[in-house]
Each structure stands twice: as structure tokens, then as C-alpha cells.
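Below are structures written as C-alpha cells.
Heads up, the next two complexes both have chain A, just with different partners, chain B and then chain C.
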Partner chain A sequence: MSAESWLWMLAGELRRQGLDPGQVATVVTDARNHLRDSAEDPYQTFGAPERYALAVAESLAGPASRGRPLGPVRLEARGISKRYGRRHVLRDVNLTVRSGQIAAIVGANGSGKTTLLRICAGLLSPDAGTVTVQGRISYSPQEGGTMPFLLPDEHFILVGAGEGLPRDRAKASGRAWAQTLGWDDVGATPARLLSGGTRQKLNLVLSTLAGADLLLLDEPYQGFDRGAYVNLWEQLWRLRDEGAAIVVVTHLLNQLDQVDHVLDLTEVAGG
Partner chain B sequence: MLSRDESYGYELAQSLDHAGLGAIQGGTLYPVLLRLQRTGSVTTRWQEGDGGPARKYYRITDSGREALARDGRDWIAFAETVTALMTEGARR
Partner chain C sequence: MTGRRLFTVAEMTLRELLRRRAVIGLLLLLPLAFYLIRRDEYVGQSVRSLFLGIGWAVSTAALFSTIGARSIEPRLRMAGYRPYELYLGRLGGLWTLGVLLAAPFLLLVRLDVAGLNYGAVALAMLCVLVVAAPFGMLIASLLPREMEGTLLLLTAVALQMIIDPATTIAKATPFWSSREIGTYAVDHMSSDYLVRGLMHGAVVTMLLLALVATVSSVRLRRRTHLRRA
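Coming up: the complex of A and B.
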């Protein structure tokens, strides 16, 4: 049997085990690379596809992961409408996100994604509709949110202080989060001198430091390279599995990004 | 091995083989790496290969180092006990 047909069967078995499409793609890519390097027979090195898929699924399943019941509703937006002048940006939009879910708000530029997120965050009033939030919110804006003259560590300490975290703990957990996003050299560079992508990572770390129940992220991976992008999703999945409710605004959603709910504003904005 | 340098799956399998553990099959290796990643002991990044496909590199994290130090001590203590017992048995 050729390696490709073994990999094809593996992908099917992994899906059957309930893996996210992103996880399936990662596992299959790992196996494909390994087989290419080693030139071994897939059955020799990985065994039967269904057995290997089971082993992978067991390794991925955290203590409170797959098959968990969904938690309480964290965000409920009903009948949201917003106009700027005569232009309807949002028309009767509904969004419900529960603890343990990731929702993506997608749509073309100008379709009202950021407006909706700001309304959910309570930063903007809708012309009609209600937003109900249960729990603590953390909002990561597309731009801003960092303080130009402060070092990353000082950001961690400042935000940590708001959560009652001691300085050392805040710094350590900020740095640990930064590392999971592939940002290792959290050094003596003030925020204003960081690259756009790194500043965005800082923003993300700050929004996750707070340990919020509801995370609202506006275009969180702008300026990220592919690796950081994959890492971000792995972290978001982890937070979700730990019970966070997450809303991600994005204009680019590829098959790697496994989310539980997609709200496409392009369709709604048509009228 | 990851505490020395980051590495990718197949290279790790080869290093383990050279270290004398025999051929570790991919079916054993990757599930372990996934578990280490899930528990935060290793982190991964994709690196474009020279003309080849992108490779996923595994790197140990600070919490991975802590776990290694802790489990390493446990292992050494265990191995010393077993060695002492076996030495006694083998001498008879």
C-alpha cells in the first residue's frame, strides 16, 4: 500500500475519532514527513491507521476535553442593529456563545465585524438589540491596547496587578504565554519598538493573563507567521477546553481554524 | 534530548536509536510528543525546509525542564534502588 493511501485512511480514522480538522491536518502532516524522511512502510512504523488514530486521540484528550458538556451561556447578543448615517452596518444580528465554545465572526472589510465585537464588549451602543454577558470579559482590540513606553514585563505586571497577581507570578505567566506563541525574547524593548506581529502577541498575552470567562479577540493574528498562527489556535483550543468562551473576529479563516460556530456577516450585510 | 536542542520527529527517532534505545516507531513517538505538547512540556514551531516540506520542530519549555528535573530525580532514585537489588542478586 502506498504511503498516501495509508495517510488518506488515517485522516478518515482521525475524523472518526472526533479530532478537529486542524488537528487531523497536523497529525497527517507529521506522519507524511516522517514517512518521507524514513522511507519506511507506514504499517511498519505507525501500524494500522485505526490503531494509530486511536492512540493519537487518546494522547490529545485532556482531562476535560472531548465530549464535555457545554457550559453556561457567556454571551448572548440578540437582534443587534447598528447604522452609521444611512448605512446599515448590522441588521438584526444574533450571536450566542457558551463556555467551551469558539465563535468566529467573519465577513468582508466593512461588514461590521469589529463594530459587532465592540458592541459585545460594551464599548459601543447598538441602535437596537441587547447584549447579555455572564462572567468576566477580556477584549483584545485590533490596534492599541498596549502602552508605547512600557516594556512587555511591565505590561504583564500592570495587568496582573488588576487581577491581584503578585509581580513575579504576573511576569512568569506572561512570559509563559508569550513562549507558547513563539515569542521567546521578551526583553528590554518597549512596546512602541516591537514589530506589529509581536505587539499583537503582547496584546493577546494581556487578554489571556486576566483569566476571563469571555475572550473577545479582534483579528488576533495580524502579522503572525505561520508557526505563531498555528500556536495561537492550539492555545485557543486549550482555553476553550478549559471552559473559556471565545469570539474571534477575522477576515481569514482557513481549514486549520476549527471553531464551533461561524457568523458570516457578509451574507447578512447584503441588503 | 530536547533539553539540548530543538528537533523534529524523525530526527528524534534517529537520536533515540543512536542512544541505544533501538528503533522507536513513529506510532509510539508521535502520540508521546502530542501528550508532551498538550501538557505544555514542549512547544512546536514550523520551519520551512530547504526545498523540502515544512518541518515541525519540538522545543522544551520552562515547565518541561522543571518536569524533566523532577521526574529525572525520581527515575535516578528508582534506578539506583533497582541497581542495588540486582547487583546483590547477580553476585550470588
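Coming up: the complex of A and C.
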């Protein structure tokens, strides 16, 4: 099926979900832009149109934290610039996220979303600028971050040991987090044999194993089905309400009503 | 805390490797082929080739293990591990794997060849695997792509095989020590060979470890732009 056929079906499903014409146009345009930039298959990126439309409708109906008192600043990035060769990927970017906030970093492919997140995590040095963080940081990469031949429980033990968790507690904590994402049967399957979505859940669970004050997530829902996608946002809202500061790199612009702060790197680059 | 972290990294490194059964089979096949290829001609050379085969097998395992861990190490660093806990833990796992790989070959030599100094044979095997693990880790740290790393390893081992061990430049090759100890074990030469081999093995291991430590510490360093409030 071509991307245009998929988008046409998506528009129909979105109308069926009760979205107004303006919202439908925005979601379809965002998806079209993303598919054009990435040249990805729409089914692999977004799943079936009816499922994606349902997820969009549910995320638009989710809770927002506006009006609630905010906590201390957990992340303050100031004047971040980065270039690869002659190409400026980031130019004087600023981002402040407080406890109890979710911030979304959006932008076209190649706009520097992942680069900024890696700089905030301290995994990559910027050419200019500083990042100040408070509390325990956790980072979930877009891909990788697991060992192909280790079992999920072994991942929990390995990461948990770094965070000072005893083995049993690390396993219990990992399994409990997995359940909140709808992953009930952690089982004895090595990471390499997990489906893409389940591997991404493992990736996410490892980020939240011992709790984090600042959670940095790079497109955390890749390969998720609709149920897992909804579970993820419910967990992120819960963590936010418990005081975590969360930064999510996303290309699903329809989620933006459900976050507290949006940093559009396309605008930054254009401006 | 550090002890538990070191043990956990070593354990998971070993588990990861032992779960790759085909790889383990090939890692055993490599020294066996080295041993058998000249078995009918001159058994002493065959045993020395076996040491080199073990070194190559352990170096290769170290290379791929280190490259495979690159994507998870930043996460482990953020989880609280220090760089030295990561590379020393990995080294522990690789040395354990090396002992497990070498043990059946020690038994093979014991049963197949008479009149050797078997304690020295064991020592040569230990020496070669102790050197091989940080050697493979260092190559992986410097050349993090598998093909480049494998080619460099191939070059190093091929050089080791064809170079005249009596030349000065041979002493700069990583597994020269096992050849010296092997000569002591097989040809019953003077203990000078044993002492030279052990000294060389110790120096090369320390040097490789220092380089691995430096490269790993730089790669996994805390970046200066990141400040704690």
C-alpha cells in the first residue's frame, strides 16, 4: 500500500473518531511530512491506520498538568550548539524542564532531536553551551541499549547493580514496570528474539528501574501496538504527577496537547 | 559495591558469550585446527601453534564482546557504574571464558603428547589468554567497527605466525611470551625462556590494560558541559 493510500485511510479513521477537520488535517500533514522525510513504510512506522487513529484520539483526550504547581528545575540547557562538519545541527538551543513537567522535542528528521537529548544526557559534548541537571538522570536510547543474548531478568540485574539494587529487587522492579506497559510475560526470551515493540519496552523498563528524577526518552514508542502506546503515556503522566521531569523526543505531533512544553527544533533551525 | 558490580558485569559478559553456542563451537575449532595442522610433522610446533590459536580465539571473543557492549555501556555508566568497573568486569568474564576454552586443550595435550612439562604448558596457555583478552578489547576500543577490528586482529596474529621469533621485532608482538614459555615446556630449554616469557606476558598485559583503561575512561568520561545543580 502506498503512503498516500495509508494517509487517505487515516483521514477517514480520524473523522470516524470524531476529530474536527482542522485536527485531521494537522495529523495527516504531520504524518505525511514524516513519511516523506524518512521514506519509511507507514505500516512499520505508525501501524494500521485505524489503530493509529484510535491512539491519536485517545492521546488527545489524555490529561494535562497545566495549572498544577511545578517543582524545582531538573534540566536546564543553555545556548546549546552543535555541528557536524560544516552543518549546524543545533544553534543556541535552550530548554528548561521542571519537576512535574513533560517536555517534547519535535522536529523534522535530521533537525537534531536525538543529538540534543544525548547532549542533555551527557553522552555527547556540544560545541557550545551548558546543561545543568538535578537528581538522578535516566536515558532511553532510540535503538540499542540492550544486550542481544541476555534475558530481560539479566538486564534488570545488570542495570540494577549499577543503581545499587539487590538482584531480587531489580528483577521484581523490572517485572513490575514491564506489567505497567502491558508486558506480562517477561519470560526467558533473549533480547534479540523479542519483537521490536517488546524490546523497546525492555529499553524503557531499564530506564525507570530504580526511579529517575529526570527521564530522557528518545522516541520510546517505536514498534508499540495501540495498547502499549496508551499504557506508555499513562505511565508517563503518572511519573510526571509523582514529580518526575520527562523529556520525550517524538515525531507524533498530535501528542503535543498532552505535554507541558514543546521545543520544535525545526523552528529553531529556521529561526 | 564495586566488587558486586565487577562480578555482575563479568557474569553477564560470560553469559552473553556462552549463549552463542555456534560461536563457542567455532572458538574451540580454531585452536584445534592450529593444533592438528602440523601434528604429524613436529609436535612442539603444533603445541606452540595451539597457544596462538587460543590467543586468537580469546582475542576474537574479546573484540566482539567489547563492540557488542558499546551500546549499553553509556546506559550502565548513567546507572552508576564507573568506567573501570565496566572494563575490568568485562575482562574478568573474558578471562573466565579463556580458561574454559583452554582447559580441554590442556587435557588434549596431556593425553596426546608425552614428555612435556605440562605445568609450563598450562602456564603458557594462561599467559596467552591473559594477554589475548585485553588485546581484543583494545582493538575494539580503537576500531569499534567489527570488520576493521577483525582485519587488524587477523593482521596481528598472521604477523605473529610468520615472524622469526628470534628477531627483536618479534618481541613487540603480543603473544611472543607464549612462544617462549612453550619452548621451555616442549623443548626443555633453560628456565631463561620461562622467565623471559613470564616477564613479557606481564609487561604486555599491563601495557594493554593501561591502554584499555585510558581509551575507556575517555570514551565514558563525564562531559564538562554537564553540571550538577
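Definition applied: the second predicted complex is superposed on the first by the 199 of 271 C-alpha atoms of A that agree within 3 Å, B and C clash if a C-alpha of one lies under 4 Å from a C-alpha of the other, contacts with A are read in each partner's own complex, and residues count from 1 in each chain.
Following the convention adopted for this analysis, a contact is a pair of C-beta atoms (placed from the backbone, for glycine too) under 8 Å apart; a residue touches a chain by one contact, two chains touch by 3 or more.
Note that the structure is predicted; figures quoted are calculated from it, not measured.
In the superposition on chain A, contact of A:144 is made with chain C only, not with chain B. Applying the stated contact rule after C-alpha superposition, one finds that A:47 touches chain B and leaves chain C untouched. In the superposed model, A:18 makes contact with neither chain B nor chain C. Of the two partner chains, chain C is the only one touched by A:159; chain B is not. In the superposition on chain A, no contact is made by A:196 with either chain B or chain C. On chain B, the positions that touch chain A within their shared complex are 8-10, 13, 25-27, 30-32, 34-35, 37-38, 40, 43-47, 53-56, 61-63. The part of chain A that touches chain C in the complex is made up of residues 73, 76, 119, 121-126, 129-134, 137-139, 141, 144-150, 154, 157-159, 161-164, 190, 206-207, 209-210. Against chain A, in their complex, chain C makes its touches with residues 1, 4-5, 8-9, 12, 15-17, 19-20, 68-69, 71-72, 74-76, 78-81, 222-229.
On the chain A side of its complex with chain B, the touching residues are 26-27, 29-38, 40, 44-47, 51-52, 55-56, 58-60, 62, 176, 179-180, 182, 226-228, 230-231, 234, 238.
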